[in-house]
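In the two assemblies presented below, subunit A is common to both, partnered first by subunit B and then by subunit C.
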Partner chain A sequence: MDTLDNSEWDVVIVGTGLRQSLLALALSRSDKKILHIDENDYYGGAEAAFSLQEAEEWAKSVDESSTAAAFFNTSVTKPDLSPDSSTPQLSPSRKYSLALSPQLVYARSALIQSLISSKVYRQLEFLAVGSWWVYTTSSGNQALREPISIHQTDSIRGSLLKVPSGREDVFQDQVLDFKSKRALMKFLRFISDYEEQPQEWKKYEYEPFTTFLIERFKVPEVLHAPLLALTLTSASSDQVSTMTALPRIARHLRSIGVFGSGFGSVIPRWGGMAEIAQVGCRACAVGGGVYVLGKGIAGEGKYSEFDGKLRLKDGENITTKWCVRDHAPSGIPAASDNRSVTIVSSDLAPLFPSLGEEAPIPACAIINFPSGSIPVEGWDQERAVPSVQIAIHSSDTGECPPGQSILYGYVALSGAQGSQLLKKAVESLLASVDITPAPTILWSLQYEQRCIPVNGSGSLHMTWGEGMLTFKQSQFDLAFDDRILDEVKEIWQKIMGEDAGDFLVFEDREPDIDDDD
Partner chain B sequence: MASHGISRTSGTLVRSEEQRQNELQQIATYKDLVDLVNTKVAERQYTVEVLGLVTKLLNENPEYYTIWNHRRRVLIALLPATPPDSDDASSPERPHEFIDGDLQLTFALLRKFPKCYWIWNHRNWILRKGESMSDTKLASRLWSGELQLVGKLLHADSRNFHAWSYRRDVVAQLQRLQAKAADSAAVRGLVESEFEYTTKMIKANLSNFSAWHNRSKLIPRLLNERQANGTTRRKMLEDELQLICTAINTDPFDQSIWFYHQSLMSTISSDCPRESMIVQDLSNGERLRHYAREMEYIKEILEDEADCKWIYESLLSTASFYVQVEAGTKAFTTLEMQSWLDQLRRLDPLRRGRWDELGRRLNL
Partner chain C sequence: MADSAPTQPKPSSSVKLVLLGEAAVGKSSLVMRFVNNDFQENKEPTIGAAFLTQKCNLPTRTIKFEIWDTAGQERFASLAPMYYRNAQAALVVYDITKPSSLTKAQHWVAELQRQASPGIVIALVGNKADLASAGGADSSDDADAAPAAEGETNEEEEGTDARRVATRTAKSYADEESLLFFETSAKTGQNVAEVFTAIANAIPETSLKGPRGVGGSTNLNRQEDARVNLAGTGMSMPDKGCAC
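What follows is the complex of A and B.
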């Protein structure tokens, strides 16, 4: 078509982020006339993946003036690398695929099931998430167990301890004393069906999880950090309630072994959730959906009654029955998280031990830095520091060339303190890995991401007028949250109405249709 | 029904009328095939055609063991009678095609029915037949191939006792061939690696009866191969006790771990047959020290797991070993033993008769 002006649609989807793309996938077999636009000139929105150059351009393009933009305060650091051949160098831009959303997906997640039942799983590759580690300094805790390295660098002296994720890990642990092992095992047995025993934890629901561990299971402090690491939240240790921790730990432990022994979650290859977003859009395009990049909606989106008319930024007027988009900020100042992407000159092999004979090679390692393990300048000692999460992706993901790895950092702390904390965490991590040559930082990107609060109503999405549906945003989570799928399903049901059929359940298309294998 | 902690799923029970008719048809066809095979065999028609019919039937129902017997009769008739000389320069590189064929058949069937006795049995028979028709080199290759195969099957299901038992047989055959070639280093190497294998399997999954059992069988053999003296043997016993105690501490609710503990305790007792002993010259004093230490250790676990019945059973069992050596012991009292028995009655009331009998045996 030559122009979108005066075109009529059944559904207009704005933005090609993961939510919108999953919706596009869900609608790909319907007979709806779909227009899917994105004001960026790339797919993926907030879940996109970038080459090095694209990342640098993205960092520059971020709108620092708006208090509503999802991303802000970006900066790229490129250490001076002497050009002689012995110093590791940055590779060409296209060798990298840096993810804005490096999430892991638990084995029992509904997302995996949906990708299979919608048949798009064949276009995706998944890699195993391997070991989880906790960073500790010897000032904080006594030497807990055989550390993989104690490395002294100026004032930093830390080590990485593997988190036990089941009975056999606890069995092989060399340093925990017998009583601590018993306490931990008792807790692990409890968590396997904790929902059936509400009397054990109901009264601790809103109490800190650590209190519950001590009072109910006599789990010694030495084990708090590893167990908190399994919750994969950035909240500080005293902020994590029992009600938050239990389902997350249960999800982690119940997922282990589902796809193969030794691991419980996977990451998509080639750049995090961006791949899944691409696959969703591709499916919708095959089904007849029209895709236009570099097109946005005019107006800041204060929604009142939606009358079916939309105006695009280039001036086109279109009409549609349904419009689905991200929810615009409500003007309430939003908290923000600090994020970072660091390219490192080493494969950090000690952090990726084998998962067992004939098990898949892990491509992701998770490092947790508990409250207090990294000092923060000027911090009010009364409050606990949020914990830092770093997900390391190996080159098997295709996100960087062999011999390098990507460190994705996340901390629920805004401003300079947050970005300093992330930087220090990355440095401490690299200093504590026993590998020669010592790893160096080749490039890094820091940014902040707003967690835009939306007034909570029961529903997962917001409806404006007869046809405007908006996705609520949520705070970044290193693990894919299945509620996103629920959100997509609610919107899909609204659009499809009565003859909806099953959500994301399709038959294979005719064999002549393109099917990447 | 849950067996040893693993639940079994039941198949679907609801059938439509169409499905039922299909099944009736399948049953009729199957019965015809059975009749045909049985008739041909009764008429001693040991031909390739009958072999084909037998194959078809066995693919339908490998559990029909008589048909496996028939198969062996047919094969004996079809295979060459005289085995080649062991040093025959024209000895085959590959086993006879019928041997090969049956190896493939049993392999395919084992993947679908890994717990069918008759398939394992037939495969074993085939290999022995194959060996009798080959030179030593080919025979070694056949049996080594088996070791790899059973390794893969155990990787798929590490608790399949058929596979473990087959593994022991394969190892024994390999050792026989190695002994024939006077290769004692290889024999020892195989025992060591089998022992390592059990360690690896246990580390992957503590709850593996067969792995622990195999380990218990290997240890006396291992000590013999290492020509271990009293000190080495004592060290081995200590290490194994340490290992099993760590396992008990990690999961006192797992039965397979307690079984191995029990088997170690039985090697300490004076009743132990010589070929199963770990230490061959234990003094009574040493025995008592072991028993006392075990009981103390297990009692410590009671602090955290007062409701674990295996602990009480084990305490009573160790106490009775102790009392066999020293009747008038002060290490524990009759009152204590009585209280452990009461705990068993409380925790496992369905086995009341068993606890009563145990009490009588221990004079409680």
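What follows is the complex of A and C.
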């Protein structure tokens, strides 16, 4: 069968992004007749990973005219590298696997559980997220520990301060005074079971988290930035509510030590979530699912009148009981974030200190630029400047050649101001790491990604006529959001009905995999 | 000279081997013959296993093949990069009764050279050798068999000989590209074990590592040191410790 015309299916999944691919995995043993298509000629959709050349092609192909497109305002910058052999050079295109979704996954995430119970983790490799750093320029924040360099006079150069990774770190800290330590320890004890103590925080629920820290625990201001860094939110410090911060910090702290000492989250190797998407698709193919890339659906507007018939872009007519696809275009302009991918000519080794003798070598470091640590020209809004997150991936991820690293930047700020802020953050970061020769930027990609607010109204998916199911488009978050899995489960349940069984729980297909002799 | 010296167990290494080739050339059948010494006449297209394993004993070491099937993703040219990732060997299969399948095989070889690790060992395998008459197989090495192989429309005089790809044609292509080359029959078992043994022998010792690894690239130790073991202590008890 080399044509799809007149074929009949139980489920047609449109797009090979992470959600669709997890759904494909969930349906992989269902005996449903599944067709999984993607209009792109690559796997992963908004979670794809690209070689250099593919990334440049992707940047060019992004549809600037559509207000419903997930990505826009793309630009690739290649500094003029002198051909002189003594200066660092880009490696060949295929040495890179740049992730559109360089998310980290907390050890306690339901995603990890699902990858294990569905047995596909055997086809994946995970690496540790090591240290978390806070960038600071101010003279007032010197009370923190382990500055790896300090250049106080130059406005663009600051210092990077390591966030303590747990209570032991706090105990052993040489710089914090006793009072601060006590306040922090008290807070950390509280957060270990904050759900049980609503009386402590309910009245601060919608208040800024920093207010809560001061009023309830007397946590000194110097510790606010490191604690906010653990939330991985890009909102301005005064916009992060207690309700937002507590579960995120708890998620961080509770995950530490699950897979080994000194770290609590992991990243997939080879290009972020793209790898998980591919593994999910392969599992579905192994179960008999049919895969066709470069094949989209014709007639984008037909969400509301789905009658089981679909027309593909090359004219094939197919029928299906269920069709699962991305969010429906709403026509409402969505907010957007700025994102960037920067290839750097250094392994930035000082940012990847060992996690301990028994622990794996960390392959990712998180740098947080607190609200206001990077000035934005012409900032006239009442709220503070949003914070910037940069995840640095080492060459151990397979995303770049040895001796280089990839900086994935993210700020919840649209337009030129956001892109400017990201650029400055990357420059400041590079200027703050004491390493010789000084790291230089070899290549960078900037783009904006549209999102709908995480707390947006409406159910996780909507039904458009019998059989048409859609995923919600979500905001980029530096950590995998377990609600994605809930959304997948909901759709899976709808398709499976009574016979659903356990979600993503499978036996090994390969009998003797652990046979080691 | 009986077994006097304490015999050290031979070093054992895992090797990821990927299958490539047009649909219905017998990729899975070859693997079934190699792994289970079994053959099914009218096998359905591949469903069911992410990969199969089989050991290959060499005089000085044991190679444990992790054989990855395409799972049908080749049909619409939709194989994912993860399929090629870290593959140390590839079996590119064509059907000796179908010249277009050799063209397809050449396409896959090019794709491997583009996508796979530089040191990958590639074997080109002409399957369904049982469909060539004995005489045909012999004469295929002669010049006069070649014309018949080039065009599918050519009238076949031997009657039972369905061969349309001359051994010589495929062999010279394989030599040009430095590929191992075999003609096999998954049905009779002819040459099947030999292919895998030849691949095992061709894999450079330096690219090997212990069992159940991925291997295939440089800096192996560091890669292992970076890897997080999800199936370790922490996550084997799903509900433990979550305070939610």
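FYI, the second predicted complex is superposed on the first by the 484 of 517 C-alpha atoms of A that agree within 3 Å, B and C clash if a C-alpha of one lies under 4 Å from a C-alpha of the other, contacts with A are read in each partner's own complex, and residues count from 1 in each chain.
In this section, a contact is a pair of C-beta atoms (placed from the backbone, for glycine too) under 8 Å apart; a residue touches a chain by one contact, two chains touch by 3 or more.
As the structure is a prediction and not an experimental result, all values here were calculated from the model.
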item	value
Greater residue coverage of subunit A in the superposed arrangement, subunit B or subunit C	C
First, second, both or neither for A:182, with subunit B first and subunit C second	first
Touched partner set for A:168, first subunit B, second subunit C, both or neither	first
Partner chain(s) touched by A:358 [first = subunit B, second = subunit C, both, neither]	first
Which of subunit B and subunit C A:261 touches, first, second, both or neither	first
Which superposed partner A:113 touches (first subunit B, second subunit C, both, neither)	second
A:507 touches, of subunit B and subunit C: first, second, both or neither?	neither
Doubly contacted subunit A residues - partners subunit C and subunit B	none
Residues of subunit B that touch subunit A when the two form their complex	155, 200, 203-206, 246-247, 249-251, 253, 300-301, 304-305
Of all residues in subunit C, those that touch subunit A in their complex	12, 47-53, 69, 71-73, 75-78, 80-83, 85, 114-115, 211-212, 214, 219, 222-223, 225-232, 234-235, 238, 241-244
Partner subunit C, residues of subunit A touching it in the complex	1-2, 43, 49, 94, 97, 107-108, 112-113, 115-117, 121, 123, 125-128, 192-193, 195, 250, 254, 257-260, 266, 270, 275, 278-279, 281-283, 285-288, 290-293, 295, 360-363, 396, 402, 509-510, 512-513, 515-517
Complex interface listing, subunit A residues touching subunit B	167-168, 170-172, 178-179, 181-183, 185-186, 189, 261, 356-358
